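So, here come the structures, one by one.
Here come two complexes built around subunit A, the first alongside subunit B, the second alongside subunit C.
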Partner chain A sequence: MINVKNWDPRLKLTWCLFLVLTALISRNMVLDLVLLLTILITEIITEKSLKRFKVIAILLLIAGSQVLIINLLFGRVGEPVWSWWILTVYNGSLIASLLGFLRICVITISAIQFAYNTDATDIAQMLIKWHIPYRYAMLVPITARFFPVMVNEYHSICDSNSARGVPCDTVMEHIRNLPAAVMPLIYRALRISNDASLSVELRGFGRYETRNFQKTIGLRPFEGIMILFIIMMYISIMLYIMFL
Partner chain B sequence: MENELALKRKKIFKTDTKSLIGAVVMGIVFVIACQITGQIDNMLPWGKAGMYLINGSCWAFFTAFITLIYKQPGGIIAAEIEALTSVMYSPLWVAFIFANAVGTIWVSFVASKYDMTKWSHHILAQAGVCILGNCIVTVGMIFILEIPLDVAIIETLILIAVNWIVATVITKLTYDAVLKSGLVK
Partner chain C sequence: MKPIISIDLEALVFPEEKEAALKNIKLDINQGDFIAVTGGTASGKSLLLHAITSAAPKFYPCTIEGTVRVADRNVEEIPLCEMADYVGYMMQEPQNQMISRVVYDELGFGVANMNLSSEEIQSRVGEIMSFLSIQDFAHRYTDALSGGQAQKVVLGSILTLKAPILLLDQPAAELDPKTSSELYKYLSWLNKNEKITTMVVMDKSREVLKYADRVVVMENGTVKDYLSTEEYKNKYQQKEKTRRPIELIVDHETDIVKLLGTSHIYKGGIVGCKAIDFTLKKGDFTAVIGQNGSGKSTMLKLIEGLLKPTAGSIELFGLSVTKKNIGDLRRRIGFLFQNPDDQIFCSTIKEEIGYVLKRKDDSEAEKNRKIQDVLAFIGLEGSEEVHPQRLSRGQRQLLALGSVIISEPELIIADEPTSGLDESQSRLVMEKLLLLAQQGKTVLLVTHDLSDAKYFANRIVVMNRHELVLDFNADQMDCFTDDLIKMELM
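Entry: the complex of A and B
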């Protein structure tokens, strides 16, 4: 198994941007399929499994089914292939749905791959290397740190509501109780942010212009060559799409 | 103290630590709320047709609310946290990066001109958020999801109408309630 986490975040970001931008400019199903397979192959090479994409695959199937329903109902591109009562299915709609589905798969899975393989502190260091003041760059690890805290806060509010006789199980209960759950969450967030800002100020956040890290990032020669190779590959694909 | 002065002077920028950290924490709340409302919409008939009415209203409310409390760059930070984290639940995250940024900048602009005490101020703030934001998302729907142009335009018009009304009411009531609580001066 190749440990991608130790690679420079700039290389991983370049790879992610290459996949996203190529999928965005592509109008070719084969190219999108190749990009998707490339992501899956790199994932199998590096992680030896695809289990990280299990949850997102379900969400992508839901989004894909929505795109398919809309295109089947309202799409009027191409030749009619099937007709029943007021419903007529055109072949162009099916192609558009498939293209849209492949594109969202590439865009989403590449971003998920980047997020899983890149440490929040590495992203902060990457931003510092790009001369962004560390007070702003450090907000990335702070976000990663506070995410589980706020999710737990939300669950504790839902549990408290349930204990007071306001259940939060079905969809309708969720809709009905949304203000009752979100308003306390906003108040708790304001209180937590007050406490957290005081804590970081007391620890010297923003006192000096620079900040030290236990582990630093540095671009190794092979990573630099890889970045150049990815950029050249993107330019080639762009030229191919534009002129051929 | 700095918070009060900023609100009084109608400044656009507020770069103190409390605003930055607050924007991050509220950005996470923004993400959680959008994820829940997105799931609710997915289960409802209009969500199956791609119209995220509850989710869109929640998005417009948080975009305006966080910007009003933490100004800039807090508003953009929270909005971009939501946009980048939305990769976990929406394939339109690329469009959200631009839609959220435009929405929060518009609210900042309105908040710098008005004191945000009247309904009309909130209606104006939400007009920009809903119209500009939803228009950008429409471009995303057409180019990313390959949805037919006429369908995307009709969906967007319905979304703008619903989001504008719902988000304005929620933003005004919540902003007043939070100011009254004293957690934000």
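Entry: the complex of A and C
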């Protein structure tokens, strides 16, 4: 297994941006499909599994079905293929839906791949390299810590609601009972962020202009070459799309 | 000798409050003192620590008349981020204070802010890790730590700062007796050997009194007494709780809960509890005790149906638990969680208490009567329209109890309901649970506090390393002292 986590975050960001930007400028379903397959293949090479995309795949399918419904109802591209009362379905809608769905998939999955493979402190380091003050750069690792804490809080609130007769077992029940979970979650979030910010200040955060992160990032030659290669590949695709 | 902390406060008033939250406090603390701070609910203990760190008024806006000096400097002149040179401050709820993803980074967070060299940071963190025996989880994620581990990590991250003053707000509130005793021994060692001035807000275990030199007693925002520990014990400490004769009518024929060889293994193979055989009779007040991670909470969650057994069976009210009947059986159980804030989600006390009644067909008059009865029971009558978050933690725990008992459950399960509460608040909650048991409810309590178990319950069950190892009547506790000591529960 290749340890992508040790790679420079700038290389991973360039790769992610390449995928996202290419998907955005692409008007070709084949290209989008190639991009999606590229992400999945790189994932299999590096992780030997697609397990971490399981949840997002379900959400993407839901989003895709919505895109399809909206396009079929309101799309007016191509030839009419089916008509009933005031509804007319055009053949271009199907293509537009698939293109939209693939784009969403590429953008979402590449962002998730970047987030999974990049340590939050590495992102902070990257921002510091770009001369962003460490007080702001540190917000990234702080958020990364905050997120699982809030997920744990949400689960304990659900357990507690469930014990009071508010069922929280299925996805639908979770959605239905969201209002009952949101208020305590907000209170907990406010309390945690309040305590955390005081604790951070009282441990000297922001006192000096710099901070010893005990770790710095630096581009290795092969990473620099890879970045250049990705940029050139993007420019080539862009020119191909523009002039074809 | 000049005091290291000198407080001369006439008043500390929060905006839009008429009453001063702290008033007329004159207190000098010398270097190397070990001070315990105690007092009733909302007496100003935590606020006093906030004032010393200057978090009040710099973080919590308020007006202050008077001065607080630390190491002969007025704290008003010291920016909050410079306070780390003087004070290491650990607040309640350790999970809220951690901001790094990994334990090692959390321990080094403060020293990294001080811009020390990497070698110095590694040496300080390594030293503290071995001292607190936390090397084993140095690379674990902070959100996966137990309450006790989190408390050690937060304490460690403060100790790496090597500040001359330590301010700790109920540092052992979530710890079992063994870990709590270890923590106080360590604090005492630091105090004696490193001359670190230590101020600790006392939790209900009173363990700190073994090591403290003096005790600050607070009442209504002022220092009522500043006594030596001996004087305090003579004046305030109640006689050792003796077992009170509890008259509970237990129906030995009716099983409320029956676990037969019940086990639960979490994802990843982590054992929750294994092969539990346990029966709870109608009208029993049973306390489950055990160290952190012994499987107590897992057992409760299995009974409540929040977890499914991976082996064995569960019977509730004489019925085998199935997916079909779990909803109906659950309605007959009231579950009181450790953290009341997980259980409170309405904007008024009345709404909170009456939440479960929304699903019932009772008339409005009947619903109101029930709400008033419960409010009277928990002592919050007249506060119907108050927002729950304006209550103290003890009151919020009582409110959570009220929201549980309004549906008249036959079984009340309470998972460490007094954790994080001071002695007076915790007694209030326990008294209410006892009253419910005396009214014929069956109560299953999980607690770290052996004296609560001995004083309030009629039966004690001990869990150790995920197994149920002892089960005896509370009045026979003295016969099991050796076993409890062996399991480091005493």
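Definition applied: the second predicted complex is superposed on the first by the 214 of 244 C-alpha atoms of A that agree within 3 Å, B and C clash if a C-alpha of one lies under 4 Å from a C-alpha of the other, contacts with A are read in each partner's own complex, and residues count from 1 in each chain.
Convention: a residue touches a chain if its C-beta (ideal position, glycine included) is under 8 Å from a C-beta of that chain, and two chains touch if they have at least 3 such contacts.
If you're wondering where the values come from, they're calculated on a predicted model, not measured in any experiment.
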item	value
Subunit B versus subunit C as contact partner of A:68, first or second or both or neither	neither
Contacts of A:196 with subunit B and subunit C, given as first, second, both or neither	both
Subunit B versus subunit C as contact partner of A:126, first or second or both or neither	neither
First (subunit B), second (subunit C), both or neither touched by A:96	first
Contacts of A:108 with subunit B and subunit C, given as first, second, both or neither	first
Partner chain(s) touched by A:4 [first = subunit B, second = subunit C, both, neither]	neither
First, second, both or neither for A:31, with subunit B first and subunit C second	neither
Partner chain in contact with A:20 - subunit B first, subunit C second, else both or neither	first
Subunit B versus subunit C as contact partner of A:205, first or second or both or neither	both
Residues on subunit A lying within both footprints (that of subunit B and that of subunit C)	142, 183, 187, 191-192, 196-197, 200-201, 205-206
Complex contacts: residues of subunit C adjacent to subunit A	53, 55, 59, 79-85, 87, 89, 91, 93, 95-101, 105, 108-110, 112-118, 121-122, 141-143, 154, 157-158, 161, 301, 304, 306, 327, 330-331, 333-335, 337, 339, 341-347, 355-356, 359, 389, 403-404, 407
Touching residues (chain side subunit A, partner subunit B) in the complex	20, 24, 56, 59-60, 62-63, 66-67, 69-71, 74-77, 96-97, 99-100, 103-104, 107-108, 111-112, 115, 135-136, 139, 142-143, 146-147, 150-151, 154, 171, 174-175, 178, 182-183, 185-187, 189-194, 196-197, 200-201, 205-206
Residues of subunit A defined as touching subunit C within the complex	120-121, 141-142, 144-145, 148-149, 152-153, 156-157, 159-165, 167, 180-181, 183-184, 187-188, 191-192, 195-208, 210-214
Residue numbers on subunit B that touch subunit A, as the complex places them	17-18, 20-29, 31-33, 36-37, 40, 42-44, 48-50, 54, 73, 77, 81, 87-91, 93-94, 143-148, 150-151, 174, 177-178, 181, 183-184
